[in-house]
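Before I ask anything, let me first share the structure, which is written out below as structure tokens.
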Amino acid sequence: MPTILGQNQYGKAENRVVKITRDGDTHHIKDLNVSVALSGDLDEVHYSGSNAHVLPTDTTKNTVFAFAKAHGIESPEQFGIALARHFVDSAEPISTARIRVEEYAWERIAASLGEDGTGHSFVRTGQETRTAQISYDGDSLQVLSGLKGLTVLNSTDSEFWGYLKDQYTTLKEDYDRILATDVTAVWRHTWTGDAQAAAPDWRQSYEGTKAHMLRAFAETYSLSLQQTLYQMGSRVLENRPELEEIRFSMPNKHHFRVDLTPFGIKNDAVDGAVYIAADRPYGLIEATVLRDGAEALIPVDTTNL
Amino acid sequence: MPTILGQNQYGKAENRVVKITRDGDTHHIKDLNVSVALSGDLDEVHYSGSNAHVLPTDTTKNTVFAFAKAHGIESPEQFGIALARHFVDSAEPISTARIRVEEYAWERIAASLGEDGTGHSFVRTGQETRTAQISYDGDSLQVLSGLKGLTVLNSTDSEFWGYLKDQYTTLKEDYDRILATDVTAVWRHTWTGDAQAAAPDWRQSYEGTKAHMLRAFAETYSLSLQQTLYQMGSRVLENRPELEEIRFSMPNKHHFRVDLTPFGIKNDAVDGAVYIAADRPYGLIEATVLRDGAEALIPVDTTNL
Amino acid sequence: MPTILGQNQYGKAENRVVKITRDGDTHHIKDLNVSVALSGDLDEVHYSGSNAHVLPTDTTKNTVFAFAKAHGIESPEQFGIALARHFVDSAEPISTARIRVEEYAWERIAASLGEDGTGHSFVRTGQETRTAQISYDGDSLQVLSGLKGLTVLNSTDSEFWGYLKDQYTTLKEDYDRILATDVTAVWRHTWTGDAQAAAPDWRQSYEGTKAHMLRAFAETYSLSLQQTLYQMGSRVLENRPELEEIRFSMPNKHHFRVDLTPFGIKNDAVDGAVYIAADRPYGLIEATVLRDGAEALIPVDTTNL
Amino acid sequence: MPTILGQNQYGKAENRVVKITRDGDTHHIKDLNVSVALSGDLDEVHYSGSNAHVLPTDTTKNTVFAFAKAHGIESPEQFGIALARHFVDSAEPISTARIRVEEYAWERIAASLGEDGTGHSFVRTGQETRTAQISYDGDSLQVLSGLKGLTVLNSTDSEFWGYLKDQYTTLKEDYDRILATDVTAVWRHTWTGDAQAAAPDWRQSYEGTKAHMLRAFAETYSLSLQQTLYQMGSRVLENRPELEEIRFSMPNKHHFRVDLTPFGIKNDAVDGAVYIAADRPYGLIEATVLRDGAEALIPVDTTNL
């Protein structure tokens, strides 16, 4: 045979599962988008079309919904771990499973709270999307938590100068610019499923990581977006011992100060300026930050551009 | 001439203007998307291509940015009014202007606050987009305020039964369902620019309207999405005397309870159930609510589907 | 009652119906997105939540699919007419129906054709989306056909000069620019359902209208996008007697010639130039063209910005 | 230092460059979206914010436009190669460059052709987007060509049965289903920049690869989407000696046959049926096909879900 099959995986993507939990008159909501990818002894389905080793993607979908009811959804990580283990441990031909989860956050509508604090009315917060990727090979787990779509902006304390110049360089140095980005971040937990070791408190780990990231973004006097990124990453690792690697993909969302001199108007940053928020092109900064000695395991390609 | 020109308008759409205001070390941010549409004595540019009456769209763009600096941005409404008046009052051939504004909200990153409460670091809230449409004909103003993308959900207190049935009806009645929607709403102010009358406090009006809308959504025990919509509209008009008309476009974002009986699992709403959040098709409910005696002036077509 | 109900409508939006017709080994495909909006005696569902007059949106969805099988899909217009008439004529409380249809085009994969020209393999063409809107009030029909997403570009024969200037004008005149736009167009048929008069051949009418539009775009030496628009509209009306009104919404997709002089490179249009295709802001030109004496009935708001 | 920097890269993403070439009255158009990512001796910009080794992303943008004019755009691959070599060879600290290109296709508007076949009017084809990724490390090149958004459908000759069943399996076997997918494919050329060896004819290679892919899709009687994918990959490799590896990401775009029996309507595939085109969830099939003995070098993660 002149050609052979390489890496392959299949599953059902984007299962939109919503779970309501009722605690008397107080309801809780979990809103996830779950994608399943399975690998294993699957050569024949590619070569001959025999589905004998193929658990249908429709079944993986059913399993997502059944597990949501039977086991509940405590966090994207816990839910993904349960699913990953199930597929590998129960389907003979399946040797590895990768579960990707997006979680959309909701907050309570204040008006809906009863006098006793109960409530069943929610408004979607719309800020960042929480993410998780759980991989399981029958032996150990890899848990990547993360977020995307966290848009942040510093209106000052950002400079850019002293850079390399060649014959195509026309950019002017800037000593007071807006720094804005949409943070996509993925961080890896040291815990790999060892039953002897306690799993992290996933919610607390997420909240803490996000808080440190925001704080580092706000507190860093920035000479480059790379510097800010590194500060965010190292701050997280210094404060979250359960993590050992984090990767960022951060566009430099350019806000150009508008030249209003043709209209006799000064538009200096120091006086509070007007900017045009540009769409494309944009700078794109991507980097991994690691605890010293840790192995780099987070995939490098987290964006498509 | 066998064909003639009908209604027409032109302008620069989607000017992304960001204005930073510095109040010592405390910065404020306004982030808008401004679209300009002008009409007037413009037959010739269509018939012969003569641009003698055409203020270039590039000029309307420049004006947006210059006005942001020269006059500041207090609210989408105030900013749109200033622009609309300027184009009609200063460009001879232009007789009407319509300014549409979207505003994206930011909140402060708590960590960025100095000991004295100062700060210049922001995170985009990502919830609803605030909107405004200002029309001016040289005489009076029409101000429509609004919002879009406000996603809300009640996990109970929603029923649907007693409906009309024909030969294509298969839907089962439901006595405890999820009610979820993305609210798009547009409301009209009674104030039309009369210098004798005070203009509304735009920010306060917006916040109050949104709050009453959310409260009515949360408090209505719903027998139909139409009923909920009407409650939201009438609640707003009863509490906001500066308004006399409001229109909603509200998709019924279906959350179908999953049938888990093939797996021996009960999935009743009363116990806290698992739902699949569906994409398409979706119900789409649109209606206007008016103060009795008011004229219906908000355009009916606020969506494209 | 201090507030009353105004215009309202409801229905199921975005029913994605695909119909395969088999003609021996040759298959044909129709791929539509159908949205239903019904109005009528519907006050009570808003006021009290009584659904006694409400045909469920789920039923309208079922009807779309049942009609696709029972009556076939010859064209978006014919299919929409059948549905609109059905809802108004069969459901007592419903007095008007508006059906909106998008059609996605497919072409045959050449390789799939048998020796006898048969085939059942298709590739989506991906060019413009064909649209139709049918309104029926129990008496007469209004049929609006149209398209959206038809992206066209002239690499020369476009100028822009001689425009109005004010203190915010900085634009330089251009005697050789790229003219590019995404055409959204809606045209109205004179036929209103009169059984005595033959309905148009919808497919032929669509193809002819699109062809005249493209030809006028290509052949017009343009002094303004408005002039090009008007030429497109009048050309269509002059050649398609079944139409009497057409409306366009056409963004001016700016292609800015890049200044390469800092690098010692000339970049003149006449030599073949390099342009940056800008996203936002963009000019937006909207206008109706009418047969002289015709009434303007196409809604003015066909975009949201 | 407790944390260190891992893999990192930066550059300007999504430069939208359009190049017109004039050949007398006949114009040609190239329409690209170019993203630059550079790596090298960049630790300091992360650690201290020193930009001494940073060629600004603004400069990489300028270079893209200057190269388009100075060297022309023959193909995404040739253009990407020229850019990748330039950055690594000219900027001392930069050791590797990755250029990603999307190309949007245009065809001539027939009406625009002069009697001598000339023309300067174009309509965007809107079918697939052509892609290329060029990586250069100062020594050798890796050229990945590809496409995305090629939507194809077989209306018969697809079955799915004989699959693995567990307690969550409810899917019924299907002996005549629609098979539809959006093809994303990336293929790797054996040529790595060796000056002794001729580079492929990039255009011809692309057209041939796409044609074989479509033909294999159309001709394969499919027992699984995996089988179809493998046939597409092996067909390409068998016919294009310049390639040695190809990876696909193909969603199973479900078209569910609608149950019309409640309305007394049969809806069998054999008679030509009506389907609902579903959005989410969808199957997602990803696999690499390799020439026997070739090394697998195409990244596995080509999608984010």
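Per-chain numbering from 1; labels A, B, C and D assigned in written order.
Heads up, the rule we're going with is that contacts are C-beta pairs under 8 Å (C-beta built on N, C-alpha and C of every residue); 3 or more make two chains touch, one makes a residue touch a chain.
Since the model is a prediction, treat every value here as computed from it, not as a measurement.
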- [ ] Report the chain whose mean Cα position is at the greatest distance from that of chain D.
- [x] B
Task: Whole-Å separation of chain centres (CA-atom averages), chain B against chain D - done: 38
Task: Whole-Å gap between the CA centroids of chain C and chain D - done: 29
Task: Shared-contact residues (touching 2 or more other chains) in chain A - done: 15-16, 62, 66, 168, 170, 262-263, 279-280
Task: Graph class of chain-chain contacts, one of line, ring, star, complete, other - done: complete
- [ ] Provide the residue numbers of chain B that touch chain A in the complex, in ascending order.
- [x] 15-22, 27, 29, 31, 62, 65-66, 68-70, 106, 109, 111-112, 119-128, 149-157, 178, 211, 214-215, 217-219, 255, 258, 260, 262-263, 265, 267, 269-279
Open item on the list: Quick check: in the complex, which residue numbers of chain A touch chain C?
Closed with: 167-168, 170, 262-263, 279-280
Open item on the list: If we count contacts the way the header does, which residues on chain D are in touch with chain A in the complex?
Closed with: 1-16, 35, 37, 42, 45-59, 61-63, 66, 90-91, 93, 100, 160-166, 168-171, 222-224, 226-227, 229-230, 233-234, 237-238, 245, 247, 251-252, 280-292, 296, 299-305
